[in-house]
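Here's a structure for you.
So that you can tell them apart, the chains are marked A, B, C and D in the order they are listed, and the count of residues begins at 1 in each.
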Amino acid sequence: MTAKLKTAVLGATGYSGLELTRLLGRHPRTDAPLLLRRSAETADSNGHGLDLPHVPGNGSGRGDRTLQPFSWSALEQHGVELLFLATPHAISRELVPEGIARGLRIVDLSGAWRLKQEQNRAIYGFKDANARTAAELTERAVYGLPELNADRIPSAALVANPGCYATSVILALAPLLSNGIVDRDRGIISDSKSGVSGAGKEPTARTHFVSVADNFSAYSLFGHRHTGEILEQLALSSCQLTFTPHLLPIPRGILSTIYVYLKSEMTAEEVQSCFQKFYAGKRWVRVFPPSSLPEIQFSVHTNYCDLGFCVARDGLRLIVVSCLDNLLKGAAGQAVQNMNLMYGWDEGEGLQ
Amino acid sequence: MTAKLKTAVLGATGYSGLELTRLLGRHPRTDAPLLLRRSAETADSNGHGLDLPHVPGNGSGRGDRTLQPFSWSALEQHGVELLFLATPHAISRELVPEGIARGLRIVDLSGAWRLKQEQNRAIYGFKDANARTAAELTERAVYGLPELNADRIPSAALVANPGCYATSVILALAPLLSNGIVDRDRGIISDSKSGVSGAGKEPTARTHFVSVADNFSAYSLFGHRHTGEILEQLALSSCQLTFTPHLLPIPRGILSTIYVYLKSEMTAEEVQSCFQKFYAGKRWVRVFPPSSLPEIQFSVHTNYCDLGFCVARDGLRLIVVSCLDNLLKGAAGQAVQNMNLMYGWDEGEGLQ
Amino acid sequence: MTAKLKTAVLGATGYSGLELTRLLGRHPRTDAPLLLRRSAETADSNGHGLDLPHVPGNGSGRGDRTLQPFSWSALEQHGVELLFLATPHAISRELVPEGIARGLRIVDLSGAWRLKQEQNRAIYGFKDANARTAAELTERAVYGLPELNADRIPSAALVANPGCYATSVILALAPLLSNGIVDRDRGIISDSKSGVSGAGKEPTARTHFVSVADNFSAYSLFGHRHTGEILEQLALSSCQLTFTPHLLPIPRGILSTIYVYLKSEMTAEEVQSCFQKFYAGKRWVRVFPPSSLPEIQFSVHTNYCDLGFCVARDGLRLIVVSCLDNLLKGAAGQAVQNMNLMYGWDEGEGLQ
Amino acid sequence: MTAKLKTAVLGATGYSGLELTRLLGRHPRTDAPLLLRRSAETADSNGHGLDLPHVPGNGSGRGDRTLQPFSWSALEQHGVELLFLATPHAISRELVPEGIARGLRIVDLSGAWRLKQEQNRAIYGFKDANARTAAELTERAVYGLPELNADRIPSAALVANPGCYATSVILALAPLLSNGIVDRDRGIISDSKSGVSGAGKEPTARTHFVSVADNFSAYSLFGHRHTGEILEQLALSSCQLTFTPHLLPIPRGILSTIYVYLKSEMTAEEVQSCFQKFYAGKRWVRVFPPSSLPEIQFSVHTNYCDLGFCVARDGLRLIVVSCLDNLLKGAAGQAVQNMNLMYGWDEGEGLQ
């Protein structure tokens, strides 16, 4: 029996971090991850950092969920090979260079290393201590969308795990754009809606229950950070894509309604065939037939991205509906899927 | 002191009917409405038809909320002048000809009389007993959107109260289209989201709490009945407009996110000015400044339609966000607003 | 025409304060209240303090909702007679002595002046600058539950507006206890459930949407601050009452399920009669007949406290279900009801 | 490698049936279950019976989720040994005698075989074709609460799976009552709250989203069917227990707040020790320490029953808070736990 992979999670108290910890804890090829916290994190000290701190260990196996202070020597001492960063992007941008230099492989769940083009990165306002190293790592980082980059993830040292919105939009559009059937110049619109866990665990006026319940709102019009990822991965210019996020009064799940114009008339069967060929053999994408549409409930608590669509009678307008769980296929599940590819395991391992 | 207007509501047990009954019950210029039920309606007999059947009368004034069986003679006997129909469209289509012939004025909340063009009406499958009368009434019926048709509503015998989705979309687009600034041929998209009361009070698999809660879904892609109203009122061709409804896990409220391309570059101030001029003096439309957007919570439980917008940096793409309460500005509130116009009262009467 | 009453609200940005501002803004006998903020309040400066800061004034009348910094001279300058405090209890405890000394009448929505007995007050940890004045005011303060203290409220200078939970429990039990039919020594239990607005507007881990949605929890077992009010108003000893609050995943509303043992067998009709006699002529309490029970939806957005009940077959066990809106009958609505009594107006004025 | 157990599920389209199908589909010791429908069931024919009928089979393994019409010969033909009934109680009452006669083992999720005493059974109104067989089977049936009846379940032919509410109440009280520390005659109260899936999948006025959302209500006061189970399992008389169910606006989960009086003063540590001893080695009950309480979120989507408690300062009043997922520990999960015991497998098999 081969030894199990040693992993660590920094930022285990956030929503993505908790989900990732849960997934790694039951993954057949990894040991329970080393859980780390930055010195600034106080969530763990007041007892609210982990969801069930006081439940005794009769079967729940949660007794070992104590967070250790982060240090490179702690990683070394525990023999960690793969580090997951579920940290704010500025922290990821700061830590990754040393981690890579020390020979670790890293899956970063933040936006720190997803963007190649400086104009897209500007919105994050990164301050790199060593600009050359940062530029070099930016170049080497692989955008961790397994359905698109399965050839480059296995050998990657640094995987930039995609944004949740971006995953839902890119997976919906990639088959259509790569087939050249979309009239890009008429414009593509993604009207996307996300549950509240996508906004993070920090309590704010915007995430207060009374602000969200019975409500629905649009935000970041023409200016959401995930737009850059979508543009880069799909090779679109900024005026070809309009991406609008909205806040849904549900804990988790994303649904994107995506509007494209086709270059020439197509039938529903032709569109379906385009999706099916592109995702043949892809474990975590489900293509719905023309007669039905995905809903958020179908993919929540799974690692699937569900895709459905409808062609207008004129054969020229196409709507794609894309659903996923923002904490799984949109974050922690995809991170595990990336790990599976990085270590040559089956893409479904630990995700069923 | 002048006598108060005698009104009646047929279909008072549905969501719109209940809301209308509540509004009329406190309107300063009408008596409490005569409440009627069709013989087929059993909701009232099992005690679930009205929301508070057993609450004693100490101040609540609900003791008189008994429904009478519908008959023309009952209307006559009570001296009813204005009849509100909160009935299924087939019933409205059937009853209106006799009601008008008997000299009643009617505000119909269904889709029965909203559409002038036969291709748009086809989706309803109306079966008219007397085709000529039906055609004539179809012609005479006034589409009851006060912000657009304030000149024709005062003298109308038959007012076709608009659909909830249609109201949110038409009010958002009318100022832009009437100013000729929209590039119609690049296509207009309305991605609309509604609370569950819009789906009616009938319990179905689709309105079951467990189906709706924590969920979100699109439906009726390229085929919702309200599309025809929007096309007719805005003089658009069917390929110029894509309208997609979605079901929100909230009881009430609609938010439409509407995407248009402008013919030439515009600033936010120019767009704002376009909205403000169009709605100057209009009591029930609120135009938000460029720095803020409406949310469903702001307009729910009011008769307002709230409009906000954002212009892309390229000055050519415009997003309008339109919010209203589907049971008020989208149904019963608008019906009262129409009544106010029909009788020459202030448009805000009974709606504050 | 008589001049309207000049009022002021300190703490207008909290949930109760907003509701109170809305009620006073449309009350026929008061001018729009002067809105005040403490210097420490920053909510208003970042534009999130008021719910619709940017909506232009076309009919909404919200243009004047600017908050002024609090000062006694501002109150004097505006001729304010009645001051509403929707402030944290420590602030209320601090401000009231000077306000009363300056001849103002005050309705305080906090817990600062509700409790006569020191052992009940201890939980608040008040630090009074002048202990004698505080003791004197504590004595003079009238507990503002109009259904119990209608005789003393009209002449009160300082009205301590009851807690939301306390209102729901006291109104359910007062008729039974005053009739001497309850076996107090077998113990009374109130299992109470409240919507999230009861926890205040401060964003915390506990009020984050993801913590509340799909969840339900008990808190403050054997130790909630409202227990003291209930004990004092009903003249119960602490071992006779068990009060347990719970957090409901809804924005507003309280339901208390209250268990009492009767001294001797009673029929449902006798219990109903007991409630009806006690609340005869009371505008804001609705007693349900034995065949039906109140639900939160019935009383939300109204000032009613709804009471229903069920007697066990043994005739000795009685359950009372009590519902109200925690922001109206449980806070702002009751404050207005108290104002109506203080100025000799009809108890329903401004609350329909 | 030993052959896997052949099972069948009748009623696979209800909430419990779906959950059970999902659990059996991934249980390491059973084949995918044979899914059956009664002839009267039409849910499957209209395509809404199963949650994802149209999702293609790329990895989801749902292609085989077709329901077969129920017949004894179909069971025989497939070699089914263990039959799960997720059917209405009248159907279970009718089918079980023949099933047992044919040598099947049965786990029945309905209330048909849970009650030994006729006065408790009366509420169901069973009409037995063969009264003697029914009486005999009633006697033989084992109440399938593994934490109480682990000795009798392994050899049972007929396991009556407990009600969801009953499980939450019995597990909370059994340790206290068996230790003789409860003053039964002062009365025990269970104020229980359940998510909507507990009310079943049938769309009704009561389960309509608009009726449930933002609402909360009590029902079946002094008359819920689960009361009998609790009385029998805990050997209580009907006047010793008051059980009140409520409907929570969440899809799943139960929280019971249970009030008992102790015979003599106890400390929190003594109470904790009582629970811990009783549940030592019990895989699916988690006892919380005195400093923390379970919440619905902790146990939803797990098979745990979580128990927490608080002792009053007087040492004589005790509140127990009990949480579980009504579809797992309250139904399908417990059914699988019973199967594990019936076949001598580990109690946690297939439930992690």
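FYI, a contact is a pair of C-beta atoms (placed from the backbone, for glycine too) under 8 Å apart; a residue touches a chain by one contact, two chains touch by 3 or more.
These numbers were taken from a predicted model, which means no experiment stands behind them.
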Out of curiosity, which chains are bumping into both chain A and chain B? C, D
Over half shared or under half: which fits the residue numbers at the contact of copies chain B and chain C, same or different? same
Would you kindly tell me how far, in whole Å, the mean C-alpha position of chain D lies from that of chain C? 40
Inter-centroid spacing, chain D versus chain A (mean Cα positions, whole Å): 37
For chain A paired with chain C, centre-to-centre distance based on mean C-alpha positions, whole Å: 46
Quick check: what residues of chain D touch more than one other chain, meaning two or more? 211, 213-214, 249-251, 297
Per the touch rule, the chain C residues reaching chain A in their complex are 15, 48, 196-197, 201, 203-205, 207-214, 249-252
Note: in the complex, chain B contacts chain C through residues 26, 51-56, 58-60, 213-214, 279, 281-289, 291-292, 297-298, 301, 304, 306, 348, 352
Listed in rising order, chain A residues that touch chain B in their complex are 186-187, 189, 191, 193, 211, 213-219, 221-222, 239, 242, 244, 246, 248-253, 255, 257, 259, 261, 293, 295-297, 300, 310-314, 316-317, 319, 321
